[in-house]
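We call the chains A, B, C and D, going by the order they appear; numbering starts again at 1 in every chain.
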Amino acid sequence: MHDVIFESDTPAGWTFDVGLLIAILCSISVISLETIPSIAKQELFVLEAIEWLLTILFSIEYVARLVCARHPLRYAFSFWGIVDLLSILPTYIGFFFVPQNQTRSFAILRSIRLLRAFRVLKLWRMMSDADELWHAVWNARHKIIVFLIVVMVAVTISGTLMYFVETIVPALVAGVRPEQYDSRFDSIPQAMYWAIVTMTTVGYGDIVPTTTTGKVISATLILLGYSLIIVPSGFVTAELSSRSESEKRTGDSCPRCATDEHLVGAIYCHRCGERLGRSHQDSEDPLRKDS
Amino acid sequence: MHDVIFESDTPAGWTFDVGLLIAILCSISVISLETIPSIAKQELFVLEAIEWLLTILFSIEYVARLVCARHPLRYAFSFWGIVDLLSILPTYIGFFFVPQNQTRSFAILRSIRLLRAFRVLKLWRMMSDADELWHAVWNARHKIIVFLIVVMVAVTISGTLMYFVETIVPALVAGVRPEQYDSRFDSIPQAMYWAIVTMTTVGYGDIVPTTTTGKVISATLILLGYSLIIVPSGFVTAELSSRSESEKRTGDSCPRCATDEHLVGAIYCHRCGERLGRSHQDSEDPLRKDS
Amino acid sequence: MHDVIFESDTPAGWTFDVGLLIAILCSISVISLETIPSIAKQELFVLEAIEWLLTILFSIEYVARLVCARHPLRYAFSFWGIVDLLSILPTYIGFFFVPQNQTRSFAILRSIRLLRAFRVLKLWRMMSDADELWHAVWNARHKIIVFLIVVMVAVTISGTLMYFVETIVPALVAGVRPEQYDSRFDSIPQAMYWAIVTMTTVGYGDIVPTTTTGKVISATLILLGYSLIIVPSGFVTAELSSRSESEKRTGDSCPRCATDEHLVGAIYCHRCGERLGRSHQDSEDPLRKDS
Amino acid sequence: MHDVIFESDTPAGWTFDVGLLIAILCSISVISLETIPSIAKQELFVLEAIEWLLTILFSIEYVARLVCARHPLRYAFSFWGIVDLLSILPTYIGFFFVPQNQTRSFAILRSIRLLRAFRVLKLWRMMSDADELWHAVWNARHKIIVFLIVVMVAVTISGTLMYFVETIVPALVAGVRPEQYDSRFDSIPQAMYWAIVTMTTVGYGDIVPTTTTGKVISATLILLGYSLIIVPSGFVTAELSSRSESEKRTGDSCPRCATDEHLVGAIYCHRCGERLGRSHQDSEDPLRKDS
């Protein structure tokens, strides 16, 4: 039974995992559809039925995992264990404690379990790609933190600047207090929200400069922000490039010191000078002779 | 006749293809213009005439292709064969079955045939570039799939989160049921649509957070989403870089010092001056003689 | 006088060019300001005076260039000659022929002359960078054309698709003719405009899907379009990377066959095997001895 | 005392810096919150109290820095000195001179001091990353300037073009003067603001083309602008890639075969097995002995 649940190599295990995957997708769609008033009205009973059915199935599965797991506690507090628990709790909580039952939508956390799909779909290779991706981001983490701090400072300052140009100044001109003056930039946090929406080039347009000065300044900030925001993408790309670059190295390891990172075409270990045994180089080597 | 239709090397074939290309462009513009009410009113007759003329021409061409093709069936079920058929069917269907004749716009599928233009315009080289492009995308396909799954999970979760912050919570505060509460995030699918529009930095602005909490959270999600969305572009770029990189080196290694990083077309090893043994260079080399 | 106008090496020539640059900047600001109603009302006379003064100066300069140029005709029909002419014509045309004098704004073409500033500011190096940039784009031109054709096909098809989902279908459901049905996607060209605005992630929000189906489809199109639109940036980056890569080669040319593209650290010419004379390699070379 | 304030190696200094950091974060939040009308009304007294407390603390710190600094004047006019001063002045100015006390928000300049956090958080490594980032941008500065000039010219021209298509032409058709004609593109500067917002793909949507011609032209401009705007990101990425690339190789060349592409830390040439003469490896090498 342990194999069926935790492995997907056996036919049974594979069937189990695929079924689980479908169940997760169903329940996510159900939870989503339930929130659409028009649908909720007509189909509520059907949806709730499916929802409950799935929740019970997931509960059984969770218990089964706990039972089968070699280290139940370790599983219970592992990432997947917590996700599995969180993905069933909301429905119960919603049922027992919240009459209006809104919390159930939290069950959407099940979507995280989709990542488990990787195992089912035999996407080992994908996972390794995901790892690579993660490493790329991880290697660039320091750069990203520096970048985020710089961005936050830029957002704070440009937000304050816009708040002044768009609210304080016009208010002074109009002779009213800023809080009475009607402006979209009605506070610094609001202006910072604008700055983030603008710098990432999302640009909703719900908050836009209206004064001429405001437009001039925001045009400048947009150009500066744009030059700022393209940087992290450069970092990630550079990181990924250098990775694909380093893949050009050979994995051959030195027979003496076992160093295994050699440039392509290396004949001698760059650590200990030992000759690397490669079939196509068994032909004796002129350089070595004269030494 | 086969050559005229399927090849573009002969003058006749070239003329045919260019004519075809122009015909396709015309018909696309016509179909587009027909949908503009103001134009449709005045010019309807002219447009319909052109449209019918072109459709008949395309039908004749299709029949001709079927007749000339060495393997009519294989052509009929090939990609181009199906496109050719789909590009004439809508007009007939629209005429015979749909009185209001809306389906005709489907004839816009003809635009796909424009890709055939590559052949006409002697853009073989472009096609090879297109291949390269396709390979770059293809090599990164696993990464892209992983990425899409991660994106969908992120979209689902952030959508649900925003639905809660923008609809459920305010509704509870206002003491009404969520479906009665007026909010732009009126369902989880709607919120997921918002999440996609936001993460890709399209940012229409038709759905925007209105509560303070909603703005704070969406600002965070925007920054996270932005860092997430720049990744695939990094992958494609890295892929393309490594391709253009590897095109610059040969794998041939020097017989004496085994240096294998030579510029394309190198005759002598740039390390030890040894002659590189390459079939196409066995002809003795004048420069060498005089030394 | 020729030197003063066409060269900027002499002090006089430099002063002339800087003055010209300032004049151009002034006139651009003036022309822009003239279009702002509030300003135009009060300052119209002043602005017009400056504008006329500058136009006359530019006319004198143009005549002077014609006179001094070694080949007046060649200058007159050169790129810069035409730009110089176009930058003064509008004001006169506006004055003599167009009473309401709108054409004058065309004088904004003067901004093109700012590119001449490079010469003044001794930005030769920048120009070379601009060349490099241009070459990068030029080398990727085939890819870019392929890309544009693909984009146009994608835009046409997705535009038509959205036109159907957002206008035709609802119209049929409502039982009215499409042109009577009120929708933002009121024609295929309009929908194509939406597709371009969306795929480039500009996302004005003036045209947005309103039906559920429309939102689902456009969400998909956005993700597809995004993956499509990141490609050219990948091409340009790859091109630029490989350029900065190839800069790592040495410019040293072989004393015998004058090949001048060698890998950094090459000792022997990869074309003729001749030893490359480099100071730091004059120390005799073990490899050479044993041959 | 000098160490406590200027260094963060001693426990005391570290505590001081962390406290300072927290104080800065507090005061920024306070200043931001003060601008939110709803909060300002209720909590004004509390917020002002905290604000004054922090300002006085910062003043004391500033004086202390002046006193402890080895070269008080040099500190006073250093970047950090000026920032420290500017971060306390606004509150006093607001108190003594401006009754409505708006200037205080300028105290948000304190956020710049957050960059000092790097020192506290022992983020030396991050700082070096920031340097690298800065160098990457700095190396690409000429390209960026060229790019900005080109962008400004493009913005000016496309802005003027849109102003004509959207305002002048319709006004002439309607037979009214442009300033009377109601259009979103009501002046060239306004149109230039639109051009910048559009080219950077921010796309607020507060100014959008309404005429058919305007839409066609802006669709073209968007595509052109997009191809233009992806270039600098390409430059930065290429710069970063080549940096991370060059960090992987040493310039040391092998004394025998002059191969100079060795992995960092290589002891023996990977081509000919010769020992690479490097100062930090002169200590004899155990591996070598046993051969």
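Odds and ends about this structure:
The rule is simple: a contact is a pair of C-beta atoms (placed from the backbone, for glycine too) under 8 Å apart; a residue touches a chain by one contact, two chains touch by 3 or more.
Everything numeric here is computed off the predicted structure, so don't read it as measured data.
When the partners of chain C are compared with those of chain D, the chains appearing in both lists are A, B. Residues touching across the chain A-chain B interface largely differ between the two copies, under half of the numbers being common to both.
Residue-numbered contact pairs of A-D overlap by over half with those of C-D, the repeat interface among A-C, C-D or B-D. Averaged C-alpha coordinates put the centre of chain A at 36 Å from the centre of chain C. Mean C-alpha position of chain B lies 25 Å from that of chain C. In chain A, the residues that reach two or more other chains under the touch definition are 189, 192, 201-205, 233, 237, 239, 241, 245, 267, 286-287. Residues 28, 31-33, 35-37, 40, 100, 102, 105-106, 108-109, 111-112, 114-115, 117-118, 123, 125-127, 129-130, 132-133, 136-137, 144, 148, 151, 189-190, 192-193, 196-197, 200-206, 229, 232-233, 236-237, 239-241, 243-245, 264-265, 267, 281, 285-287 of chain C are the ones touching chain D in the complex.
Interface residues of chain B facing chain A in the complex, by the touch rule stated above, are 142-143, 145-147, 149-150, 152-153, 156-157, 160, 163-164, 168, 171-172, 177-179, 186-189, 192, 198, 201-205, 208, 212, 215-216, 219, 222-223, 226-227, 230-231, 233-235, 237-239, 241-242, 245, 253, 256-261. Of all residues in chain A, only 201, 203-205, 237, 241, 286-287, 290 touch chain C in the complex they form.
Within the complex, the chain B residues that touch chain D are 201, 203-205, 237, 241, 257-259, 261, 271-272.
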